[in-house]
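In the two assemblies presented below, chain A is common to both, partnered first by chain B and then by chain C.
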Partner chain A sequence: MKYKKRKIADFFANFTTYISAFFSILLLGGIIIYILSNGASNLSWNFITSDYKETLNVVDVKATSRVYDDPEIEGTYFSEKYGVGLKDAKTVDGNPCVQISYLSVNSPFLTLNCKGGFYDAKIGENLDVLMGISEENTDVFASSKDGAQKFALALDNSVEVFYLHVIHGGGGIRGSLLTTLYLICLTLLFSLPLGVGAAIYLTLYAKEGKFKTIIMNMIDATSGVPSIIFGLVGMIVFIPFVGTISGRNVFSIFAGALTMTIILLPIIVKTASEAIKVVPSEYLSASLALGASKTQTIFKVVLPNALPGLITAVLLSIGRIIGESAALMFVLGTSIEDYPKLFNGSTTLSLHIWSLTQAEVPNFKAACAISIIILFVVFLMSISVKIIWYFYTKKRGAA
Partner chain B sequence: MEAIFKIENLNLFYGETHALKNVNLDIYKNKVTAFIGPSGCGKSTLLRCLNRMNDLIPSCKIEGNITFEGKDINTLNTVDLRTRVGMVFQKPNPFPMSIYDNVAYGPRCAGIKKKEKLNKIVTDSLKKAGLYEEVKTRLKDSALGLSGGQQQRLCIARCIAMEPEVILADEPTSALDPIATQTIEKLLQELKKDYTIIIVTHNMQQAARISDYTAFFLLGEVIEVNKTTSIFGNPQDKRTEDYITGRFG
Partner chain C sequence: MTASKKKLTIDKIVHSIFLVLTILCSLSIVLIVTIIFLKGTRPFLVPYSDGTRASLVSFLFSTRYVSGNYGSLGVAINTIVIVFFAALLALPLSVLTALFIVRIAPKLLGQIIQIVVELLAAVPSIIFGLFGMGVINPIVRDLAFFFGLQTAGGVSTLSVILVLVIMITPTITTLSITAMQAVPSDRIHASLALGATMTQTNFRVVIGGAKSGIFAALILGVGRALGEATAVSMVAGGATGISLGLFSPTSTLTSTMMQGIHESAGLNYDIRFSLGIVLVAIILISNALLNALKKRISRYEV
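The block that comes next holds the complex of A and B.
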């Protein structure tokens, strides 16, 4: 009887654990699948390498008496009057557009009139907002929303197009990618020497006592502070500080790197301290007994043996920099720049996502595509941490 | 006979624990002195006093005098002292580097950079430690790939590379098998010509085999110091006799 009761209790306990495990996995899997399914179609080399800001050319063009031959390409609507083939396509960031897919030899589109000169349209550029005059002297309008077929028809109807947008590029994330790289390099440049230095001091030099305990507790406490508070500090302290160097109190990557440095310091100090602590003390005493000074011992024996732990600290930091958004909003700003500069604001990948979703027409697909990139990099970081430790312990095991 | 170390009225405390009590001892040059005694009797602690390795333990407090060649060791620079007084540890502890780099570590730290000079030091030290023939083809291999006995001889070679005057050996064979132990003992016998050796051992036969002088420790006190032959043949103190005849320990 007693046994049966226990069996039932066990069953329910097991059941709840399985159910909760199932739901948590379902949730996490669901999020990843959602992001993958929404963003994957948008992910392309072009997306990664092109500018965010498109270049818009306002042009006008007159038809000639010539009629161009239709190359009859599947999906391309050809304008015989202008010798240009159009197709329905998507911009780099996933919005529908009308794209030039074919240009005949001698097409007037190769010498479009624009303000102060000529502009030659290229295959792959997008057209929008057409205004023209037909043979019957009526107005012709078309926009990218009408689709390629209607757009081509409108072109054929016009003897003269006096207003047309030719749009080049845009929608890419190259600028944000660069900003992220700048931020990573700069932040590591500041935080690694500081963090590892502090770790060396705390583990190898500081005397046990109240002072050390207080410092250690403070480091623990600061690693739990929400990053937005650091962002605020960054805005109040670092932007004016960088302003004294650059002369302008504006958002800047430099200030962003300083802010990330204080966010990362506790993490780096802790990880590096752990890495230094696990270096066998026999190495330390062996080195000292050989008449090496403490500094020599630290640089020749302790740090090389703590290297896997230090690399882990670096990888964790990179992951954190890529993922951080709240704090950086205060110091980097949210305007997407194609050519990021050290003393100007721009967006990291995470902030790029935020900016995309805050636009008039939120572009969730592009946001998801960036999310995939971020997830991939962070995933890569944690995998490499595992791999490094695997090889490290293997090497130690052979000892 | 010339005493290289003179220890006078040495008292050592680990926090509250009185680990060495009023130790007076002379260590003679170019002789092997063995410290014997049961575990926790302070023999390793005394050994670590001689090259000031106890400085690394924050709670350790030392009173009394130790002179090395007539100079108070506290007035000597630790780096200088430790190059002249080398140490071999209980557990073989080569660095996770190549065999060559292990031996060259000390000289490099001392500022020797010339390749030919380093090569010579490494070869000579390995030859003296009786390891050269076994490893000459794989000097660039990791030292961790050597056997325990070879690792310990490498540690001795690493110590010799600094050309010390004294070698402190803290139970150098306790982690080794009998054959490796024999090799190390033979090696220490040979090194006696050029170096003063102080060896801490648990193994009384070992002390009897290799040492010239023996000091018997008990509970932080030096009970008896004498020529090894007299200690083992004709112990003056009852406790020494009890220990070496195996009544306790």
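The block that comes next holds the complex of A and C.
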């Protein structure tokens, strides 16, 4: 009887741990479900490869006397007068639009008049804001909100279209993807030699003592600095520094890479030190005993043997660069560019999300689609790190 | 003989190259501290070209942060209170999750949850921010509506606290797991042998034995919460002074620093470095306080 109370108390205590653990699973599940359900439909090859900025062409066109044959494609509304097939589609970032899905041979849409020349419409481009004149000399209007069927009808009704928008692309993330890749390459180029060099010095050269402790503490202290502080410092130090090279004091990918370098240094130094420490000291002694110099030993024995550990440092860095937002905002800026240049500002994938959510009408669908990419890469990196590190230390343990 | 001499010279050169690289690495913290200090004190010392100058007294003691009167006290109080409540919620959640993973769950389930927690710890803050905007804000808005209150689309103190809890729980949990795994099994066996139930042992001996590790985890989590910028400013909304109503928009130090990031000169820009000094000071003070608390608690450790 005495134990019954204890059992109940135990049950409730255990129960709280179940709930807490369940909360973690619920959370990861919630984030993944939210992002997938909003973003998956939007994630396409088109989304990844197309420009962010749409190009708008204002054109006019006259109908010819001939009538084009309807190819009778399912879901496509055909204008016999202009030889153009239209369908209801979605733009790359998820808004409904009227899209050209078919163009007849010799269609007048292949030689549209626009300001200062001709514009040839292509399949996949979107139409909007049509103004025309019908045979009875009345006005004809249509916009993308009317849908493809009405739009095609409006085309057929007009003998002359004197105003029409042909919109090419837009909403894609190619520029941000390229920026992210540039940033990863540049940052690794700067931070790996620095970080691995420091790790080699701290593990293989430095004697235990005050100097080593101070240096280690200083490097450790950097990892505790909030990333927004790195951003502020990067803006003050690296933008003018890059400015002396490029001649312009503007946001730049180069300055972003320098900022990321100081963010990553403590991570790389720590991971590389651990990787070097795991290399058995017998290898070093054997190499030195055979007459190799310390330099030769480091480059030919220690580094090749520590390679898997160094790869984990690279993977961790890539994950961090892709996810970083607060620091980069101050050095890369937040305006999305389609053709990123090293000495100009641009957005990484994370900053692209930031820009999308800070707009007047936040585009959550596109933001979630980008999040899928980011999460995929980040998870892939952290799982690979686990696997590589497991086999690396296991092999060393057996040796 | 000459060959080995050459080798020795190369060795010396390589040695000094590595030394230079190491010193460069360690100098980054010096750079950061110097820049923040120089830029952060600048607004109070010399007037700017347009004649403006911030007053140190109003910076330290005024609670209103508006153009012309930059008072950091209000946003600092917001930050401290928000992070305090976030830590208060996250700590039990993390410790109980860690206990479940280490002691209670079957081995396989425990490992799965541990992987889940580690993945959550790796999620970048921009995604937590997006999740906050897309999921937590609407929930908070509906909750406020349920109580008959109005919110600005859900941006509120409560959203910030929830987002921070979500962000720091995985961090604290991962480190608590390590601390709990390090509790010696002798102690657990001793407790069981003395007649305590498994649950009593788990809660008294395992958590008790891991408490200094848990405190270290808490310090890291609080540091992360204080310095978090992106996710917080995505759900905070913005305010100019003390604003701690659960359902009203708020501002923290970091979200204030994020405002108007496109400016690059003048008082309005430099004052952000002063806020940076305040932020770093708060982080250091909270670390020191928690460390002192940790020492006090672990004094009674067996």
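Here is the rule we go by: the second predicted complex is superposed on the first by the 381 of 399 C-alpha atoms of A that agree within 3 Å, B and C clash if a C-alpha of one lies under 4 Å from a C-alpha of the other, contacts with A are read in each partner's own complex, and residues count from 1 in each chain.
Methods note: a contact is a pair of C-beta atoms (placed from the backbone, for glycine too) under 8 Å apart; a residue touches a chain by one contact, two chains touch by 3 or more.
Keep in mind that this is a model prediction, so the values were computed, not measured.
**Q** Of the partners chain B and chain C, which touch A:Y18 in the superposed model: first, second, both, neither?
**A** Only chain C is touched by A:Y18; chain B is not.
**Q** Would you sort A:G333 into first (chain B), second (chain C), both or neither based on which partner it touches?
**A** Second partner only.
**Q** Which partner does A:E282 contact after superposing on A: first (chain B), second (chain C), both, neither?
**A** So A:E282 only meets chain B here.
**Q** With both structures placed on chain A, which of the two partners, chain B or chain C, ends up touching more residues of chain A?
**A** For chain A, the partner with the higher number of touched residues is C.
**Q** When the two structures are overlaid on chain A, which partner does A:I298 contact: first (chain B), second (chain C), both, or neither?
**A** After superposition on chain A, A:I298 lies in contact with chain C alone.
**Q** Contact-wise, after the overlay, does A:S227 reach chain B, chain C, both or neither (first, second, both, neither)?
**A** A:S227: touches chain C, not chain B.
**Q** Examine A:E208 and indicate which partner it touches, taking first as chain B and second as chain C; both and neither are also allowed.
**A** Only chain B is touched by A:E208; chain C is not.
**Q** Regarding the shared-chain residue A:S346, is it in contact with chain B (first), chain C (second), both, or neither?
**A** Neither: A:S346 stays clear of chain B and chain C.
**Q** Counting only touches as set out at the top, which of chain B and chain C does A:L375 meet: first, second, both, neither?
**A** second
**Q** Is A:L290 contacted by the first partner chain B, the second partner chain C, both or neither?
**A** After superposing on A, A:L290 lies in contact with chain B but is clear of chain C.
**Q** Determine where on chain A the residues touched by chain B overlap those touched by chain C, and list them.
**A** The overlap between the chain B and chain C interfaces on chain A comprises residues 293, 296.
**Q** In their complex, what parts of chain B are in touch with chain A?
**A** Residue list for chain B touching chain A: 51, 53, 56, 58, 78-80, 82-83, 86-87, 89, 91, 93-96, 105-106, 109-110, 144-145, 155, 158-159, 162.
**Q** In the complex formed with chain A, which residues of chain C make contact?
**A** 7-8, 10-11, 14-15, 17-19, 21-32, 35-36, 39, 92-94, 96-97, 99-101, 104-105, 113, 116-120, 122-131, 133-135, 166, 169-170, 173, 197-200, 202-203, 223, 226-230, 234, 254, 257-258, 261-262, 264, 272-273, 276, 279-280, 283
**Q** Going by the contact rule at the top, pick out the chain A residues touching chain C in the complex.
**A** 6, 9-10, 13-14, 16-21, 23-25, 27-28, 30-31, 34-35, 38, 193-195, 197-198, 200-202, 205-206, 214-215, 218-219, 221-222, 224-230, 232-233, 235-237, 239, 249, 262, 265, 269, 293-296, 298, 319, 322-326, 329-330, 333-334, 350, 353-354, 357, 362, 364, 367-368, 371, 374-375, 378-379, 381-382, 386
**Q** So in the complex, the part of chain A that touches chain B is made up of which residues?
**A** Counting only chain A, the residues touching chain B are 207-208, 280, 282-283, 285-293, 296, 300-301, 305, 395, 398-399.
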